[in-house]
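Next come the structures, one after another.
In the two assemblies presented below, chain A is common to both, partnered first by chain B and then by chain C.
Showing the complex of A and B:
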């Protein structure tokens, strides 16, 4: 309010210039040139996309990617829901303790956690040994270098991304609403399915969408815990570049991955109506 | 009921608590498991280990490749943290204070690197840097890590800046301070927790980054996660457990500092 408005505009431009220049040079230009290569290499045209859709390996890769992302989302929802519920219910101190466990797991090195699962799940690992000692199985289960390993490892990584938004959503629910329903004679089951669950829907939806999108683009965990036969889209892209130097195919699949991701992200923004910059809620 | 601790049926409550206990263990145990294994004597990572030893630590610290990659990681993460924070501070001011159209779009643009799959950023930057002959340089590591650290830095600075009442800064200006002076002496101390967590999280993002780093690395220059990655693809040697433990300890340290900073800011 102490500045002339034209000067203010000029100010904003100077403040934003460094970051925009940086992102333009190192993010937008590389990204655009990668995506363009799908049309220009080896010659101009749509041949890469045609080749992609004609390859049965690629269809398999695409199927695996969506299968893993869907299963991981469902499993982490099933694990995350009771955890978020419990955090909301518990006395503050315990709730905070559980949240710090979640944050610890979230910010612990991804490689360290994946390595840990590699060791835990291997055929001579502690899980197989325990199961054999109890007598549940006779032969060690094959849990690494296949889809089972990928799904266990990735669900483990994704649970925090469900719990945090879901817990925020649950703690905003007024317990009196549920109380009112039960006073009016609704059974616990009815209250759960007809009132509690619908009120949790925004949290469930944004968490699930985020996990699904992240799972589609995950590279490290599938590459280490998965097998050669059940490759996912990110591994396929890296393989095309590192092993076959086929930039055309790699960028055609990158175009596809980025399109799916951005469409889902757009949906995510639609679900989250609260704007972090413009609106004043919460400030 | 269902959301109040007292009125939940004991059957439902106890089963919920048991499930939660199991899930909490599922989340926490693999981390402690790997730290314990780094002291185990078994080459094949048998658990519980037959005896305890420090030989894997000796092997880690005797190997110049591990040490050099750890030093590179520290350098890259520190530079990334500084640059990302310095880029994010002015941008956050413009986004929170500015009254121009398209602020929401700009904010979305700045957080885009968090949404685009890392593998695509890695491949894109690799393609460009390969053409420029920049792969395998410290510059390549830092520039590519800043891209993915920026969203975290922006989000934490914007959050603290939105909580700051601008009229306090204006009051300083009315009392005769220059605007810049007011920002440095009044606003900056108030948003310091946000700036510090921006720096810490940028550091952590870089420190833990694997996919981009694998692409940027050369035989002469690699970060700790790259060295772990290439070793992991050969065998599961307990030396990786040592490296994991070091990564975990540093992340833990940074998280403790971050929560300490947050607690301090709540007291004001």
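Showing the complex of A and C:
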């Protein structure tokens, strides 16, 4: 008996070996070398981090990154929540149809979608022309090559990442629980805020976290729709490497980004244990 | 019995008047009329799709009737949303709030009603004691067993003292033993609190065990209404007879005020029947009202006045511990099932001839029936 179980255990470890090797080669070593570079180039020490946090332009970049990520998260939550609710309430066929539309937009090339926004938002674009034709504005709004453009474009891209987890979470809520609250005397408003919203919490949190973290590190859309003045952290990293060959500074920024993400993830896990992930149905 | 008739004369708490619900071409509830009396335990009994749950949903306010009226204390409920009806409800799958503790689940209706904190806590504690869940007050519903969850649901529905408690197959998801325990608890609870309970179930034993009155639903209509005893002993129609308990049906020809022809036998009927003479009718006898006698016993025991006797051949007899069921073919080719207390019953070998006796007072007679009504039980 002992022989068999110990042998089994040993076998299990050998089976894990390939994946451990893979993780080590492709994730742990690169991350470690990134950290190493940030601490050693050009000389050993924390000078890269000091410079990053002390210079006002760099702080501005960090601030921009957080501002955009926060706004994009909030906006896509505001759009995604009703959308997810709509899909959940729709008859089955229609709900699936709506989801496929959302998935289709997700699967379309990122560049194509970003350039479409460029076309739509530019000063001679459809939106500005229509608004001017109606007479709401006299001169074109500046909606591109600034943070507005970045936020609009990125919110569009991030909405599916809110809708998908949120919709899964909502469809797991037993509608009878809402009826039960209603018969207990709760008005529609109270049912929404006291029962429905708390039950959506897991979906909201996981969607929001995903969008926020993705937004922190997004490059293509900010690069195309953003301006030179309001740079975000990923663009800053690219600039450090391509223009200045400043590997140390770029690595330090990347490490900072990873640290922020890890802290957020830790906070998410802290909050999430408290919320009823597995007991949505009430059964 | 006289005590019961007294309570029956009280004015109804809820009245359903010509209540109708249609989904497209399908009529779920077909113009039903029903008075629910204050303080009674009334059960809607029927198979799935019979309209019993839809009727309950309309009382709760989750479904809007196509036409008809629902009155609570003589005031119409039709345009009142469910959260203002002041009705308590317990659902089949408990429907507890998964993100709240047991205490908060039960306190929820009181919080909505803005009950002061002290009073709220006091009431919640009282009701927790009533359903014997004090020890579980701070747990989440996911950490409770099915029976405990349902007790929380009952507590949540009772805590704000609604005038009427609706229960939609509340014990359906529980196993048999637990179900029986909770049935007893529920019956005691009803006695203690005197609250009006409308209970939906498809389980006839449960209906019998719990209710004061039973309304039997079939295809959106109420086809039988009365105490379990009355419905069982004198079913108003063949459907109720076959739905509630087991029954034997025999086709007979009515020949007089108290006589009929069964195949070639002359039999006597309860003289209270109102069937037209010379017409085919359906005779119903409960299996436990059939006495089975061996030829010797039949010779020794004289036939009592008012009893019928026919002969038959035993197909099979099954010993079930407390009772013995026996399937017998009578000369007309029809099969009868008898069920008797096993202690006194002699062993009946398949193929042996026996005599069947029954008291004419223990049979019911129907002039109209559908084949589907009486086939139901043989299919089970």
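The working rule: the second predicted complex is superposed on the first by the 234 of 283 C-alpha atoms of A that agree within 3 Å, B and C clash if a C-alpha of one lies under 4 Å from a C-alpha of the other, contacts with A are read in each partner's own complex, and residues count from 1 in each chain.
Throughout what follows, a residue touches a chain if its C-beta (ideal position, glycine included) is under 8 Å from a C-beta of that chain, and two chains touch if they have at least 3 such contacts.
Not measured: the values here are computed from a predicted model.
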Which partner chains sit in contact with A:147 here, chain B, chain C, both or neither? Use first/second/both/neither. neither
Scan A:187 for contacts with chain B and chain C and give back first, second, both or neither. second
Touching A:200, do we find chain B (first), chain C (second), both, or neither? neither
Looking at A:225 after the superposition, I want to know if it touches chain B, chain C, both of them or none. Which is it: first, second, both, neither? neither
Check whether A:166 is in contact with chain B, with chain C, with both or with neither, and answer first, second, both or neither. neither
Looking at A:179 after the superposition, I want to know if it touches chain B, chain C, both of them or none. Which is it: first, second, both, neither? both
Chain B or chain C, by number of chain A residues touched: B
Find the residues of chain A that appear in the contact set with chain B and again in the contact set with chain C. 179, 182, 188, 275-276, 278, 283
Using the touch rule from the top, collect the residues of chain C that touch chain A in their complex. 60-62, 81-89, 91, 93-99, 108-109, 112-113, 140-142, 153, 156-157, 160
Can you name the residues of chain A that touch chain B in the complex? 1-2, 8-9, 11-12, 14-16, 18-19, 22-23, 26-27, 29-31, 33-34, 37, 79, 82-83, 85-86, 88-91, 98, 100-105, 107-113, 115-120, 122, 124-126, 156, 159-160, 170, 173, 175, 178-179, 182, 188, 191-192, 196, 213, 216-220, 224, 234, 237-238, 241, 247, 250-251, 254, 257-258, 261-262, 265, 269, 275-278, 283
Residue ranges of chain B in contact with chain A within the complex: 1-5, 7-9, 12-13, 16-17, 19-20, 23-24, 26-28, 30-31, 33-34, 37, 44-47, 87-88, 90-91, 93-96, 98-100, 103-104, 106-110, 112-113, 115-129, 143-144, 146-147, 150, 155, 158, 162-163, 170, 173, 179, 204, 207-208, 210-211, 225, 228-229, 232, 236, 240-241, 243-245, 247-248, 251-252, 254-255, 259
The residues of chain A that touch chain C in their complex are 174, 176-177, 179-188, 190, 194-195, 198-199, 201, 275-276, 278-283
